[in-house]
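Per-chain residue numbering starts at 1, and chain names A, B, C and D are given in the order in which the chains are listed.
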């Protein structure tokens, strides 16, 4: 059966480019959705098998809309992630030239990331805000076009039959965005040894040691966190939960035991998936933290409980 | 001498409203700046004594631009904070009525927060993205106006001589934004007993226990954190620092000792200010964590070191 | 089959009194052994089913001989404990009177604990050291008796047909000794809810955090220790192990998980038994540490691993 | 002025040998006292400047009498320590030979430590308990001698004009005893960089995390413990304090801060001295724990509190 996949649209966004770069999108029907909420609600409603949405930008930090959409409402889980370098291009209608550009539209974030290039190459140009980079590109097809050029990614040129006047125009060449593929809960992605697990942790009480308690549950099992953020629960001002990414898969013995420890310590936990890391980086396991160590300890305990001398 | 204060503009933004609500803006010259960067760079350059910028939104989370601008470049410190309920109004030129609104402009974030109200009260209206809510309001003065109405805050109606067609139109009435007043380093704001301190903590190494080590420095002195975020350092992908807010003032004995502990444990620390909490909430001190307890312990140690029986 | 039980002799010691006070000695054959080593080696060799030996005195602290004998050599486990108030009596041959006592023999420890009473009631008496309190009592039967009286416990008067000249003569009335019944490994004593577990923990390395690591394994599962001692391993000077008693039974879920954690962290562990506390005191369980909490967490983890929404 | 020093007597004990081995005993008047209590009370009363008493044996563990005498009553502090190999000799009156020994007296602990040698070299000999090894040696001078030989240390042969029939007869050649020189509180011994500090720590409450709290105070400052023992307070059964030795001197910055932390956390602390280690072993300091690191952190904090950019 053909997979139905949504992405944060419109056509030509970074999200579409990221989705196309994933092997699992081969042969699937890809559909743009105007917002993260619309894309994820479509998955919840069964209209899509999965949706690709941005979750973190190396410059901007976490994408709040995604974190929050995943965290509240019907459960969804992350099953894949991918990171894409942020690469902006200046697009115009065929036949245009750099010299003729007097106005350029793009999303304010993109404008901010290309400000240096614009100042050097398009002095005096008028910057026009758009709802998204792809929307700016699409608007160039209107007649008459409301502005001369758009900053978007190269894929948008293909999608809308536009011309790339300049490529790689972001001021910071190392910026990248991480995207996650989200679906309804089901069988976990197979453990690869280089995995990540995403959780939302709600505390029982806001005391000086609450976060320390949580982190001790991880540290005592030798689990490293790659991201942690306190985020407002939106219920009461000053009431927080923790959004964390950890190194490991729910099927790792050490992660399983830590999860059970958190379950006993936290008021509530939302599991947002175990999935292969985009960078294939395997964690350096400390002594006593491998599955073999856990299996050995379990067998040893069983012997002691049986009354065998050990 | 008249204080010169910048705020995130243009005129009529939430930032201006927040600044006006602060006693310290009385009698000052207030100047809008187009971006957080411009406002803070103006402070660094000495053009302003201070600047007011948003730092956290109860719906969107932290404002990355502000966190990052504070964290890199010439040192700046926070000296005051204020939290303002997010309150959106529908503005139009004088004489307009709700029935005549076919297009409405605003910042995409604002549009997202009023989507429910729009669907109920302006079905079929065309939404137009703007660089900011205040910019949308200002554009209504153009001739002809590029759209019929703007979603902005009520202050913008005063600033631009507009009419409020509807007030309090945000879907979530509890949303609020926290703003900080930022200046060049100088004498710390006086300790009030209900203070907050903001830090950036850079780790020596990314090992399983690094964050635990940091938190232990706080916990062992009974200090509670109100916010923690791992943020990319932008130097190497996957290299993080921690942005934290803690309960207490640098002049509190327990905070001072924790700071010295962090100094010994961290690769680098940036101090971003101790300032009165906007909510006036004093922390519940655990046993042995008051200034008196610290003073007593210091005196006791001196006696022991002097060889007195204690 | 009649149980064969050894105790630290000779006949009439506190150990014999303690053994007689245990229900499990009813109908058993009781045999004195001259030393803790002899008693425990007899159990190891199968000559006895169990042996009762002292392990801790409220005045003297731990009984090193017992801790060490349990800790090295063929495995043995504690299956019961009992605490007995230390109660000394002044014994003499029938017909003697207090006024005629010019010399009194006893173990040096006992002499130390009755020194105040002796000074007040037997001024000028000559104190003679004996290998044990019971041995001093027994020697009164020699002809001629080598001294006039012995300080021992009242049981010795029965055993040797002596007269109690004065009872309760210890200076500290609250002193007590704890004894343990030791046998070869076998089925663990049934869990009562008010249990204790004894362990020897050998560290991997002697670093600043080694002991903290061990204690964290307990604390993270809400387990309280009632005794901890660093003891020389006798292999290298300055090389230590930890002898600990903890609240709980090996069959408690929290104790089992802590044991597995210690197994992964320690170089070596010797399990010395789970047994009912002599004082019947049940631990106050913190939130999330009961068997039900562990069972709930295990089931929850299984659901997540199965891909169910939770 | 001539120093007046007491030691645990009688003349010829290990304690006397240990005291003679200390440079500080040169030229002093040395006086035996029959018990640890008598020796320490003599110091308290001003009869002695200091007293040498045993505190730990590599075979027997801590000497309870010493720990407890130091811990309660008028304050005393340890100013020096020394460790001596435990070396037993078989002593007899001049002219005796090994073949003629039918009875041998010694302290029960010494008898236990030479049992193997006795069984091999004096089969069938009668063992007679004595109050101390030196007392057994001294009794050989009585006429007639109550037994043929004594097990004591070689010094006793000199003291009492006896003959050494056999030397080095202990079964375990590696056994050693540690002694401490104790005086009234006064100026602390100078810091050498290879020091030890002894403390008694009384907890506020007996909860699962109390000991962890204490150890965290040490660990967070990188301080290693070389000994820890929970000991009964003798006030209430089951009420414990912790007796600890730590690596470092009260004048070390890290030890001072830990002490202040403990002062804030514990119900009560008794300081029992900082003194040079007998083995001259300097601790391996972790990063951030040297006096320089503490001084740097203090200066840095002062700058921040003064409002300087750092």
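By our rule, a residue touches a chain if its C-beta (ideal position, glycine included) is under 8 Å from a C-beta of that chain, and two chains touch if they have at least 3 such contacts.
Keep in mind it's a predicted model, so treat the numbers as computed, not measured.
Peer 1: Among the remaining chains, which ones contact both subunit B and subunit D?
Peer 2: Joint contacts: the list comes back empty.
Peer 1: What pair in A-B, C-D or A-C shares over half of its contact pairs, by residue number, with B-D?
Peer 2: Within A-B, C-D or A-C, the interface duplicating B-D belongs to A-C.
Peer 1: Same or different interface residues for subunit C and subunit D, judged by whether over half of the residue numbers are used by both?
Peer 2: At the contact between subunit C and subunit D, which are copies of one sequence, the residues are largely the same (over half shared).
Peer 1: Using mean CA coordinates as chain centres, what's the subunit A-subunit C distance in Å?
Peer 2: 59
Peer 1: How big is the gap, in whole Å, between where the Cα atoms of subunit A centre and where those of subunit B centre?
Peer 2: Result: the chain centres lie 25 Å from each other.
Peer 1: Which positions in subunit D touch two or more other chains at once?
Peer 2: Residues 216 of subunit D each touch two or more of the other chains.
Peer 1: If we use the touch criterion from the header, which chain pairs count as touching?
Peer 2: Contacting pairs: A-B, A-C, B-D, C-D.
Peer 1: What residues on subunit C touch subunit A, complex-wise?
Peer 2: 74-75, 184-188, 204, 216-217, 220, 250-251, 256-257, 259-261, 263-265, 271, 287-289, 293-294, 296-298, 300-301, 304-310
Peer 1: For subunit D, which residues are in contact with subunit C within the complex?
Peer 2: Per the stated touch rule, the residues are 35, 58-62, 64-65, 67-68, 83, 108, 112, 129-131, 172, 174, 176, 206-209, 211-212, 215-216, 218-219, 222-232, 234, 237-238, 240, 242, 279, 281, 286.
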